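Okay, got some structures for you below.
There are two complexes below, and they share chain A, which is joined by chain B in the first and by chain C in the second.
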Partner chain A sequence: MESSRFSVFARYVLAIAIVLMFVFPIAWFALTSIKPISAIFDKDGVVVFDFVPTYENYQVTLFGQQSIDVSENSRSDFGTSGGNSYDGRSSIVSSLIVAIGSTFLATTIGLLAAYGLSRLQFRGSQGMLHWILSQRFLPPIAIIIPMVFIFRDLGLRDTHLGLIIAHTLINVPIAVLLLKSFIDDIPRDIDEAAMIDGATRLQVFWKVIMPMAKGGMAATAVLCFIFSWTEFLLSLFLTNSIRTIPVKITTFVTSTGSEWGYISALGTSAIIPGFIFILLVQNHLVRGLTMGAIKD
Partner chain B sequence: MAEAQINHQDGRGGRKLLALPQWLTSEHPLPWLFPATAMLIIFGIYPVLYSLWLSFFKRNPATRVEKFDPSWNWSKLIADDRVWDAVVVTLTYTSVALIIQLVLGMLIALLLDSDRRGFGVLRALMTLPLVVPPAVTGMMFLLMYDGSFGVISHVLYDLGILSPNAPLLANGSTALLSVIIVDVWQWTPFMVLIMLAGLRALPKDPFEAAAIDGATDVQAFFRLTLPMMSKIIALAVLIRGIDLFRIYDYVKVMTDSGPGTATETLTAYTGTVYFKSADFPYASTVAIFTLLTVLVVANVFIKIFRVRF
Partner chain C sequence: MASVNVEKLVKKYGDLEVLHSIDLDVEDGQFVVLLGPSGCGKSTLLRTIAGLESSTSGDISIGERNVNGMHPKDRNIAMVFQNYALYAHMKVRDNMAFSMHLNKTPAARIEERVNWAASILSLEPYLDRYPKELSGGQRQRVAMGRAIVRNPDVFLFDEPLSNLDAKLRVQMRTEIKELHKRLKTTTVYVTHDQIEAMTMADVVVIMRDGHIEQMGSPMEIYDNPANLFVAEFIGSPGMNLLAGKIVEDSGKMICRVGELDLPLPEQMNISAGQDVLYGIRPEHLIPSETGVKATINVVEPTGPETHLFCHMSGHDVCAVSRERMNWKADEVILVEPTLEYVHLFDAQTKEAIKRKT
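Up next is the complex of A and B:
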């Protein structure tokens, strides 16, 4: 196909150009986060590199420093006397609690169900699989309104636990299907050999399946974490004072103007964990995104 | 669950230290599946039924009293032009974004499917948009679309495509397309990854035979690659299509359904009814209607293309 040197070169150029187009918005956002306000809102055009970098946006959003400089543009003068409404620290903590909690729950519940569906033959197991799959496609909007009422009655509204449950609910179908595909890859002979030696299923699960499915569990956990970390709709409806990062960041857009410096600083920080995680699970990414339907 | 049975393939009894009933032991599927099933029933099925139940009540906005009146909301829905506008917007959004993502995803996958040095890095970089929280993605593009200091707007001004008097998101005719472009940016990498996996799994022999017979690359693509990848393509379209259909984040963050209702999807309209008029029964009705539409479209698709998981 690419016999001539020219076509190889052209392919490189085209591939790099396209990838750069997909990376550009992130790079631009990160660049904006270290721009001073004067460089973000320049009336004469777009400032690309011609500015003095500042870390003020990070100091305000990640370290809780008062946003004094903003007041010279009288942009954040909406009666938040004293408090720093751009302090993202509590939202980072909330996001972490919810993401870690729901990842742990979804992976645990998913692993149990995946083992049952993979190894125990029972009537209706195929139907059950389809039902779990169909739950993956349930639009969150269809359950969110009653969920608000149910959570209010249970005292779960606006709590970390409530949001953990909501995210777990969305993650469980993905976790079950993905982990099932990984457990299916482990030869049954291994379980059976262990059971002939007198091990119970629980022992097989604990001592044989879990160690062998470690890679799959890690990939599942990463995907669950990323989902919870990036989720917006459920967090928006189910919480008021607890704000995960995606919801918190939208509050920086106000009718008097958007604080692009703070938005880009907190936004860039929110992207970084996902980058690290996704690079760790590159090998299982396709399988994860298709819930085990395509094995890599 | 009660009639569920396990096949005792080996008939092994095992030592019985504890006389637990059979369905409580690890030999029975119940303990394994109970947590997941309970979770999905309590927080998945029950809320859907609750939503359906709510849709049978008429809410009096003045007194806030809800009265049982099964047909009220559903006849309101059928007569509600905004619902049908939202259906059109949702279907336009879904189909346009899906087609662009599918074609672009396939082309980029073909381009990146190489073992030469550096292509592995390019493929990894290509996955990065997938982990950006959609609300943040919306912000990223909101910044670039801005009429006075947005980099995309300025490039378009310089090219003479866009007039500074008609900002991208404030204009009914460009707002929907601008939101679709955001979706394309974030989710084309999903298609690229799946297509790459499909391309890598293709057998080599048919392509060598075709090359010997003098087939061009384009012929080989349409006669061999596409048919052999049809299953994978159908799967990708199904997953992406359903996710597109329930789009909420970009619309909420970027345009809040505006200008007017130009970008109001079904999910966004449900949110609007919920937040702005607090008519929970009617919001539930729109939500259940969205769910039914997804179910019908997805199942028709699964039947036609015989998608298997």
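Up next is the complex of A and C:
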């Protein structure tokens, strides 16, 4: 009895410790974003809550105010090109376009490929699966230079479309694999029942397989979105003027110092769209949508 | 409604031939059961009729139409699968209406057909539920509802009851039979359960290793198995089979099994010295005043009758009695084979030995 109560207690302590470990950096980051610069850099000690909150960092990064207007301790703008370079709005738009676009493409392509690989038997379908997976063995950095040249020659460099394609390429293998496992879970009998009911292959896919694979599509979309939303390397190399949030934030690290306030404000804001996206799809994230179709 | 005719059907998977020149005629309105052990090709035959598998050679026609190479949706058949294969994301109503939605049946007509099917299958209270909210038996009924709403030419069932528990299986068996009586739709029904086959079929087709071993009404097959395989496959407890030799004893043919002499019916197509298998079903091996000596090993009362598992000169046999005697293990009794139900099989060919006509 004693030991079991202790083990319950220990489990709680461990769980809380782990949660704290993950939450702390985010919380600290969020806290930093509303601190005045004097509280961020206090030479006498670490300021935790003992400061007057300021929304200056958000006003600059999200609402496009010139940093000079809101700042009382007048920052210098050396090393950055104009006051608006701390405006994160266009990078949020770019990130959204790229993330939503590549998520949509990767999930769509992944679904079609997964259905084919799961249902149609053709020579080398197994080999094809391995080949698709092998596309992820190579780190993107290894192919970045040829990729930059190819994208430049195709006129895709520094375009949203280019980045969407790049992120889709990276996400498709995972999407195919994940979705195939979901479609494999839907018994073939259901395809066949639908065909006997009068459906063509396309109708089977559209009216039966897709609705039943909704959970898998949601899970895949979340993974693809998060990847694209946080991806840095490809975005950095494939764009100049279009900057996604991760790349934009690095420009806040300037030759005259890092703007921790702006970094944390934009970084904290960047969590929100991903969060909303996951909230939207989480209802579909439950597995077992095939439940009830067959004997358990 | 339509007949189904299969002619010289061969099905190969790569080099593996799983159906060897099958000929099968199902008459309009008949209930035909394909029966055989697992892996004998029943499902393959059914799926080829459905068009879910292509045939390697041979012809299949439904009604007057040759359906070789025709897409399943154009064959006007309906199929019920072992695992129900319901559309999990649709309500019961939409599961049943799916085929009619696809062929753009007017909404009023769909409504009418779905309600009709639901009333036949007592599914009215469940029309707005999802499959996951139904019990196994209800799901199976939905699968049947989906089949009957369209008024197909042929119903195909692939072991539809094997996922249900024993009690429900018996109940659904009756329901399917009643449904057939009511709709009179030509039906091909696959099972490995001989009781299902016996109770439901107009015609039982016994299959083994991609061949049809015998075809006939349940009682025909039970009483006149064409060979050893059919004799062993049908009946529970199974037919007693004793390896023996035909001997002529004072002008009469008998079968000598070890030191036992078993009586034979007249007019058998046999000759002295022939090696045979002597077959007698348990219910035709009855404890009586005369007959052959047997030592009781186990007594199994089933209620209406009692199964007596006995040793008979080194062979294990089962005798059945409908009388309630107080038998005990190790008791020695006399059992009498009913002559007209004795089966003889050639020991080499395993074919049944016919009576002279």
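One rule holds for everything that comes next: the second predicted complex is superposed on the first by the 254 of 296 C-alpha atoms of A that agree within 3 Å, B and C clash if a C-alpha of one lies under 4 Å from a C-alpha of the other, contacts with A are read in each partner's own complex, and residues count from 1 in each chain.
Criterion: a contact is a pair of C-beta atoms (placed from the backbone, for glycine too) under 8 Å apart; a residue touches a chain by one contact, two chains touch by 3 or more.
Computed from a prediction, not measured in an experiment: that's the story for all the values here.
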Task = Figure out whether A:Ile34 sits in contact with chain B (first) or chain C (second), or with both, or with neither.
result = neither
Query = Now for A:Val98: first (chain B), second (chain C), both, or neither, which partner does it touch?
reply = neither
Ask   = Looking at the overlay, what does A:Ile271 touch: chain B (first), chain C (second), both, or neither?
value = first
Query = With the two structures laid over each other on chain A, which partner does A:Thr200 touch: chain B (first), chain C (second), both, or neither?
reply = both
Ask   = So, does A:Pro211 touch the first partner chain B, the second partner chain C, both, or neither?
value = second
Task = Using the superposition described at the top, determine whether chain B or chain C touches more residues of chain A.
result = B
Task = Using the touch definition from the top, say if A:Glu192 reaches chain B (first), chain C (second), both or neither.
result = both
Common ground on chain A, meaning residues reached by chain C in one complex and by chain B in the other = 192, 195-196, 198, 200, 289-294
Message = Could you list, by residue number, the parts of chain A that touch chain C in their complex?
response = 187, 189-190, 192-200, 203, 207-208, 211-212, 214, 289-295
Note = Per the touch rule above, chain B residues touching chain A in the complex are 3-7, 10, 12, 14-15, 25-29, 31-33, 35-37, 39-40, 43-44, 46-48, 50-51, 54, 108, 111-112, 114, 116, 118-119, 122, 124-137, 139-144, 148-151, 154, 185, 188-190, 193-194, 196-198, 217, 232, 235-236, 239, 242, 245-246, 248-249, 252-253, 266-267, 270-271, 274, 280, 283-284, 287-288, 290-291, 294, 298, 308-309
Inquiry  = List the residues on chain A that touch chain B in their complex, please.
reply    = 1-2, 8, 11-12, 14-16, 18-19, 22-23, 25-26, 28-29, 32, 40-43, 45-46, 108-110, 112-113, 115-117, 120-125, 128-129, 131-133, 135, 137-147, 149-150, 165-166, 168-169, 172-173, 176-177, 192, 195-196, 198, 200-202, 205, 226, 229-233, 236-237, 245-247, 249-250, 253, 258, 260, 263-264, 267, 270-271, 274-275, 277-279, 282, 285-286, 289-294, 296
Task = Give every residue of chain C touching chain A within the complex, in rising order.
result = 50, 52, 71-73, 77-79, 81-89, 98-99, 102-103, 130-134, 136, 139, 143, 146, 150, 163
